[in-house]
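There are two complexes below, and they share chain A, which is joined by chain B in the first and by chain C in the second.
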Partner chain A sequence: MANSLVTRERIDQEVRAALATTLRIDANGIGMEQSIINDLGATSIDFLDINFRLEQVFGIRLASQLLLDHVEEELGEGTAIDRDNKITAGAAALLREQFPEAESIKAGIYADEVPAVVTPGSIATAVEKIIAHLPDACPACSAASWKSDDSTKVACGGCGKDAEYPDGDELTKRWIHDMQREKQLFANA
Partner chain B sequence: MVGRGRTSDLHIRTVRYPSAMQRFDGKIAWVTGSTRGIGRAIALRLARDGADLALHGRSADGPSRRLAEELADEIRGLGRRAVCVAADIARKDEVAAAVEQIEAGLGGLDFLILNAARAPFKDTTRLLERDLRLLVDTNLLGHLFCVQKALPLLERGGGRIVFISSLGSRYMNAQYPLGPIKAAMEAMVRQWSEELRPQGIEANAVCAGLVKTDSYKTLRRLWPELAALPEEAYVTPEEVADVTAFLCSDEARAIGGQTLIVDRGLSNRILRSP
Partner chain C sequence: MSTTHTRLRHGIDLVYVPKFADLLARQPELTARLFTDAERAYCDRLPNPVPHYAARFAAKEAALKALGLGISPTGVDPKLKDIEVVRRGTAPHLTLHGKPAEHAQRLGVADSTVSLTHDGDHALASVIMVTKEAS
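On to the complex of A and B.
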């Protein structure tokens, strides 16, 4: 569960709604494991719209940059994508950690092929990871109770202020460093 | 010399078209990046004014191709010819091939509208080398390649070049590294105007204000305050297209190397030059 007030089922529902609105397709026909690009016909620009809608619904900030861009900013240029625009072994291993179902991810594929592995399910997971960081207590009034009228946006039960979460880019950077410490995926980083 | 109170035929030349004619009948335009947004609106405007169109997207397949084909059908429905060309303008060989296709498909070129753009949204100090190369290769070199390769066609009949710029060329916007490149391109337009005038070609630019196109989807995430702006602060793609068409027209014959700002006065009211 993302947090006690927002369920994964609710997140899935909102992800389907955002996709349906952006892509003008029937929400009921969207499978959570479909490729948003290959199966649902989205372009890279559509992701901006989808993310924006989810950010408005849940009061969060999803990552604005691609995972491999974050890797290169954090661990050095060339660590994730080589000069031929192909992904490195370390990048492939990291992507498989994030997208375990994506069998097409292998070292040597073109970086442009990576976005096709994003599914409604992986976007829902990204939302879930952010809202799992609901603080124990409200930073503004220290009240330790949260409420949600619609099971999407969460507010403090004391002062009513909207919950603040770490943004997706920040969490991604932390995760990359955690993975690197734990698994040493990038040899020269 | 024209005396005070006198008018000269040169200055009051009135452009009239026979009623059945459109002002761009017989003209051929290439609009780069014309599958959506401002480029699409420009292509439609020029077609409605009588021009035949070369439409352009970066990919030869996928959604971009589908959008180009749909627009081509719409333009053909207006009674104009339309061809679709795919090219990464950052690659000179692909630009050359696109120009060859345009000549083969439409027989020439009169208007080159440099609208395609592609850029990361992040602070300049965080740009990776490939971000920088994408930025410069597409948004500076790419336009130069288009002009270089289209020149032999544009020279045939007094061509017009219009570059589509944005307010980032003159006002700093966070995480918008395209702005400085747009500024360089506005300077390039001034260069082209002088260099190409002897060949009968004129170059100008249109600097668009806030437009609700695809890049707006990114900008509203970067600058949430955009949401607070009233609707009248936004320019429509059609308004940018109207001014672009004007710069292609004979009515604009006395304008050279200039950048016309099309922002409903937004920069005049809120953003002030130093």
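On to the complex of A and C.
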């Protein structure tokens, strides 16, 4: 469960709704494991719209950079993508952690094949990971109660201020360092 | 004895202008997040800036494709702003900053050219990059 006020089912529902509205397709026909690019036909402009809609609905900021970009920023140039534009073994292992269903991810595939692994399910998981970081108490008034009128946007039960979450980029960076400490996926980093 | 191989990398992108106009209307901050000050200054002085913004967005996506990075599935990817279309005389030129510039250097990109066009509801950009690889 993402947090006690916003369930994974609710997140899935909103992801389907955002995709359906942006792509003008039937929400009921969207499979959570379909490739948003290859199966649903989204373009880059569509992602600008889909992410914006979800950020508005949940009051969050999704990651603006791909995992590969974060890896290079955090662990050094060339750690994720080699000179031939292929992803490294470390990057492939990390991507498999982030996209466990994506069997196409392996070391040596071209970097431009990676965006196709984004699915409705992976976007819902990204939303879920952000809203799981709802603080125990409101930073503004210290009240330890949260409420949600629509099961999407959470507000303080004391002062009414909207909940603030860490953004997706910040969480991704933390996760990369945690994974590197735990699994040493990047030998020379 | 080493020889130098020249390779062409190409990217192309088409934007449906009404869709882009709708996005800009609903997300007014988008122009500042996607486009540099110089790009905005150029587009905003025109009577109808939207097709020009759309063509520049297409150029950014085309450049990502030419660089072998594919389309951006993360919304407002900061790499997009790091790919800049500047005017020299009447012709557009591509200037890369930040990560796209680093990536281009890694690939050995020695030169690039960009072409933009728009008519009615569509804006299109084509980017060609030339790499020099020693072998």
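Simple rule for what comes next: the second predicted complex is superposed on the first by the 189 of 189 C-alpha atoms of A that agree within 3 Å, B and C clash if a C-alpha of one lies under 4 Å from a C-alpha of the other, contacts with A are read in each partner's own complex, and residues count from 1 in each chain.
One rule holds in what follows: a residue touches a chain if its C-beta (ideal position, glycine included) is under 8 Å from a C-beta of that chain, and two chains touch if they have at least 3 such contacts.
Just so we're clear, the structure is a prediction, and the values are computed from it rather than from any experiment.
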item: Room on chain A for both chain B and chain C (clash or fit); value: clash
item: Contacts of A:V114 with chain B and chain C, given as first, second, both or neither; value: second
item: Partner chain in contact with A:N51 - chain B first, chain C second, else both or neither; value: both
item: Dominant toucher of chain A (residue count), chain B or chain C; value: C
item: Contacts of A:G41 with chain B and chain C, given as first, second, both or neither; value: first
item: Partner chain(s) touched by A:E77 [first = chain B, second = chain C, both, neither]; value: both
item: First, second, both or neither for A:D12, with chain B first and chain C second; value: neither
item: Stretch of chain B penetrating chain C in the combined three-chain arrangement, among 7-15, 25-33 or 241-249; value: 25-33
item: Intersection of chain A interface sets (partners chain B, chain C); value: 43, 45, 48-49, 51-52, 64-65, 69, 72-73, 77, 81, 85
item: Of all residues in chain A, those that touch chain B in their complex; value: 41, 43, 45, 48-49, 51-52, 55, 64-65, 69, 72-73, 77, 81, 85
item: Chain A residues touching chain C - in the complex, by the definition given at the top; value: 36-37, 42-45, 47-52, 62-66, 69, 72-73, 77-78, 81, 83, 85, 110-116, 118
item: Residue numbers on chain C that touch chain A, as the complex places them; value: 13, 15-16, 19-20, 23, 26-27, 30, 57, 61, 65, 67-79, 99, 102-103, 106-107
item: Complex contact set, residues of chain B against chain A; value: 62-64, 121-122, 126, 128-130, 214, 217-218, 220-222
